[in-house]
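Chains: A, B, C and D, in written order; residue numbering restarts at 1 for each.
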Amino acid sequence: MSREGQPAFSAPVNVEDVERIAAARLPRAALDYYRSGAGEEYTLRNNREAFRRLRIRPRVLRDVSIRDLSTVALGKRVAVPFGIAPTAMHCMAHPDGEVASARAAEKIGAVFILSTLSTRSLEEVAEAAPKATKWFQLYIYKNRNITEDLVRRAERLGYKALVLTVDAPLFGIRWADARNKFHLPPHLKLANFTGPAEADGVRERTTKGSQLQAYVTDLFDQTLTWDALTWLKSITKLPIILKGILTKEDVEEAINHNVAGVMVSNHGARQVDGFPATIEALPEIVKAVCGRCEVFMDGGVTQGTDVFKALALGAKMVFIGRPVLWGLAYDGEEGAKTVLEIIRHEFDFTLALTGCSSIAGIEKEMVVPASFYSLL
Amino acid sequence: MSREGQPAFSAPVNVEDVERIAAARLPRAALDYYRSGAGEEYTLRNNREAFRRLRIRPRVLRDVSIRDLSTVALGKRVAVPFGIAPTAMHCMAHPDGEVASARAAEKIGAVFILSTLSTRSLEEVAEAAPKATKWFQLYIYKNRNITEDLVRRAERLGYKALVLTVDAPLFGIRWADARNKFHLPPHLKLANFTGPAEADGVRERTTKGSQLQAYVTDLFDQTLTWDALTWLKSITKLPIILKGILTKEDVEEAINHNVAGVMVSNHGARQVDGFPATIEALPEIVKAVCGRCEVFMDGGVTQGTDVFKALALGAKMVFIGRPVLWGLAYDGEEGAKTVLEIIRHEFDFTLALTGCSSIAGIEKEMVVPASFYSLL
Amino acid sequence: MSREGQPAFSAPVNVEDVERIAAARLPRAALDYYRSGAGEEYTLRNNREAFRRLRIRPRVLRDVSIRDLSTVALGKRVAVPFGIAPTAMHCMAHPDGEVASARAAEKIGAVFILSTLSTRSLEEVAEAAPKATKWFQLYIYKNRNITEDLVRRAERLGYKALVLTVDAPLFGIRWADARNKFHLPPHLKLANFTGPAEADGVRERTTKGSQLQAYVTDLFDQTLTWDALTWLKSITKLPIILKGILTKEDVEEAINHNVAGVMVSNHGARQVDGFPATIEALPEIVKAVCGRCEVFMDGGVTQGTDVFKALALGAKMVFIGRPVLWGLAYDGEEGAKTVLEIIRHEFDFTLALTGCSSIAGIEKEMVVPASFYSLL
Amino acid sequence: MSREGQPAFSAPVNVEDVERIAAARLPRAALDYYRSGAGEEYTLRNNREAFRRLRIRPRVLRDVSIRDLSTVALGKRVAVPFGIAPTAMHCMAHPDGEVASARAAEKIGAVFILSTLSTRSLEEVAEAAPKATKWFQLYIYKNRNITEDLVRRAERLGYKALVLTVDAPLFGIRWADARNKFHLPPHLKLANFTGPAEADGVRERTTKGSQLQAYVTDLFDQTLTWDALTWLKSITKLPIILKGILTKEDVEEAINHNVAGVMVSNHGARQVDGFPATIEALPEIVKAVCGRCEVFMDGGVTQGTDVFKALALGAKMVFIGRPVLWGLAYDGEEGAKTVLEIIRHEFDFTLALTGCSSIAGIEKEMVVPASFYSLL
């Protein structure tokens, strides 16, 4: 259906509405690429459902007339405790791609994390959203020069942190992509690369499975160990956040390598079906970190109450992936902003109705597992 | 469909039947307003389902030929241990509105709680149901004169208690209302107010969301703290019940302020999706109160066994909200009475079949979580 | 549909098949009467589903070439460890009624319990199935002469035990019956009574609800206490089994009154929705009895594995209610026998495949809750 | 539908796809025979679902560029830690039957276990797949000469182990087979037998139920005890694996009889509905074995993550039953190989994405029950 001929959707009142509209508009392959998770998508569903198994215990009769939604992450105050997670290839959702989503983040005052696999370059995004707090997500390529080039550009362009993805030596098996033989549409490109090696990376090379997976397999460094972190720290002063930490054991390693933060993530449930929901894993990580670095999380956040729950369980900030893509598909920059506004509005009301006038007012005891009640 | 042309429903045998009939008759916006809960309505469903996860352990061979269903609440004997919860704007369900529901309560001998946001005034209700035990639900307005005026009228008209709602500095986000741009139908009014400020309150002021929410946001006092309770106690001798308590922490505050009772309530699951079901939260509150004041509850009560379960877990009395509205929509005062009669009949049989001849006979051990059995 | 015109059902391979056939043949009111449980029928479903939550732990490499299915109950050896539970008015299912079901029991060697509210008399059943082990289920009427007359006839006719129902001072609220205004079809009668008082009992006396419920309310003694048991023991030497025990507290009372046995029963989930499934309650009762009397159970047994599970958890014998009625509706005596044969066959295979060659070989450790595994 | 006229299925991307294609192609009776489990098939579903209740805890930043999927079982290195479970009568799925599946196993380097009840003989399979690691599954016949003959042939033909099935003195009650009066199609034969006694075994002998069940009942030795194992060990030097162990109690017996291994199996959920899922039972067995013999398992394995989970819980190797049959039905040897390749590919990615470069890298802590998280 052409965008001209699209039906008159009524204004979305929640993120699910935006998703429905996006699902009706996006080409099948793009929708599937964004939407799908690994295997049977148990973890994909669980990322959302695990939030539902938590209960919020509200306090009453507290002055909530003025509410401060801001927080401090990596030493910098930001307007809201949620940001945009790094997801690949926003231009499949809207021609403006990452430029639109970064601008939406800028308007809300949310942190924007640009993906290495973006369809708008580091430079375009930096220029479009100069006042946004921007972080850059990094993959480490077999050819370390490629990585170092990305780091140098991020530094120069004012990106404030590097988010090193550590859970993707390969890309997981996503059945929908395999069926669609998913590949980046020919008119789009991975905008951060210009050299021939990288251009090759997205060309059709196999007849089976997703071409992006082949790209990753060919170009990413699967020999990566914790030494890579030592190397990365040796070439940059930017704070480093490890994205994809799910166990307390890896927290110890991360702390030993002096990271600025860890992001509890299962890569949008796209790597291995059976990984825990991120909100399930968060308490283990928070407990293990024990204040020694900052803890972020992404995965399954679609409502303001999800943000509240993650913060009560110890996250400093949460990141939102797919919903922003649905927003882009719905209405470009405006659509992405709508998504962030909906979540901000819901989070604001959750604060008010739990007796919190600021993030600092969120108490640990305010979020408990459902079993808290059945065991009484 | 006009009421004349309505299909011949057979007589309802349970509250669900009444709800079905009401759902077929009510205009969409009114039905949605009454029926909806916050967010995805997980808590709305859980309010009912949590009752189902409890088991009743009956005793046998006890004389149950004569059963006394009465109880004593706030020092006054009432015929049944359940009453009508305060819900807004009964005239949307039936032209007689709160007058009809108060009369139904009077005939059954059930406590009636009138909402501040009623479509029949304190005076009309007092005149219509002089013998009913009536309590008045109170919101505290930014303009304390409004509140004080309500209190004075309640005292003068013989309302026996004030039920102070403490969980609504704002009204929660209810998606159905947002879609419907819900507002009070033009031919109805909030009957307790005559001044221009209040009339303004229900006028369309925004193009987004529910107008009632705007009313609340504009007029209710969001700076409210426990001091408000001190103030309220200073202007009235009526016993005060705090409605909307869900945590043991707030019980301590309530007891320190010498309240007559607390009502475990999540505002009909209309504030934040993710709050516990009230029957889940009840044991925590009962334990914390430890006999120092009376404990009431509302939320999800649709059957006589629900009343029994709440009482066994320590509630003095339970309150019924939506089912009474379904009764009004079904058949006005008669319909509301039918609902109360159904629940009374079911509760009476539950007493008989558990070996109880009175409320006092309900033992703590008679209601257990399902896990009581799976852990044997 | 006339029985002549019925579709050619293929031979049933399990009890569910028989139920399906019966449901297609029985008049709606009779089907509903047999099938329904109290309230929302949560307990009705749970009676079956609770069996599913148990796991069977089989032993291997034991000689199971010859299997002895017999057991000893009340000092008498019976061919199978299951019998026919007392259910009312078998003639609604098939003209031969209790005569047919008793004969089926006789052929299998199963205990048959005749209901007081039968449509074939104590005498007819005794004559039709002289070799069956027959027990008689007793209600205590306000008029004790009625009860004493029943006891005398049971003694004289060779019934071997009295099964005193203690969970029915009233009959529970079954919505389907209330909708159908259920009453015994005019051509049938409660066959154990001939006096005018009893004939009155089944006449239409109310316009609301089930007439059988009115019968019970009018004629049964709701003042009954444990003294009634003392009285009953004073007039008969027959062993007495208390049917309807669900708590350890009542076990103590029962033991103090020297009963021969207790039957864990929730009256087919027909009294109060929310009572535990009988297989849930069984371990509590077995533990409390601690060998001091025999423990029986009914409720939700539809497969041979259910029998096995109940026996492993400590039941001496289990009783089957509705499935026998489905069998009667399917094919009279043959149909009832088919049901018993199916369950015997399934139970026999369960024995063989768990390494048991007799009831005595069933070990406690062979049945565990599902949580046994998730907690490993 | 003829194979010529079959619809153009797209290439399967997972085992479920293969199952769907097979289900569309197989004759109903064969499909039902392969697919069905005992009773209500609760255990059949649970065999799969219990895997879903486990969570995988991945480690990051480990060199996974080279992954070794091989393991050592019974002292022999095999290329992958999964094999083909013994299932009966492969020729119903494809004319090449066990020859095709053995060849698929050979190509992948997976262990192949031939069933006694195969439609291709020990000899045909040995000749067709000379390089495959082949084990032979054994039933013990009443006539021990039959068994001894099978053992001698297995030894002579290079089968490396005997897998003695100990959970099938009878075949379980499978309702679909009973409805279908399942029997081996007339053009097929149990290929390991040539004598008249065996030929008789598959002839129609009853009009009720599955003929294969009658075969088993007539010919298998139901008096079998642990002494049979002593006998078997006395006639062969081949290592013996006991298949069908589900309890720690039986582990002790097995160890006392010096078996080389035990296989946790519920016979594909075909014996008694209510047996634990095999992945549920595995930890109990592993703990009891405590390294004293090798532990294998089958049941519900359809994905690479299932293999990973079983290995983390202590299985040396897992075996795949029905999926191989679906592969045969889909495309003979190629189809069976496709199934094994899919699982190998998924398992390989699971290794990479959990930080394991070999089987030895799989740590116990990497797989936990879901409750691990809800209890945090």
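The criterion applied here is as follows: contacts are C-beta pairs under 8 Å (C-beta built on N, C-alpha and C of every residue); 3 or more make two chains touch, one makes a residue touch a chain.
Bear in mind the structure is a predicted one, so any value in this text is a computation, not a measurement.
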_Partner chains shared by chain C and chain D (touch criterion as defined above)_ = none
*Superposition of chain B upon chain C: rotation angle, C-alpha, nearest 5 degrees*: 90
*asked:* Interface check for copies chain A and chain B. Shared numbers divided by all numbers used: above half gives same, below half gives different; which is it?
replied: different
*Can you check how far apart chain A and chain D are, centre to centre, with Cα atoms defining each centre and the answer in Å?*
42
_Just the number, please: Cα centre separation of chain A and chain C in whole Å._
59
_chain B-facing residues of chain C, complex_ = 39-40, 42, 50, 53, 166-170, 172-173, 175, 178-179, 208, 221-226, 228-229, 242, 244-247, 249-250, 253, 271-277, 280-281, 283-284, 287, 369, 371
*Which residues of chain C touch chain D in their complex?*
10-11, 13-14, 52, 54-65, 303, 305, 309, 345-346, 349-350, 352-354, 365, 373-376
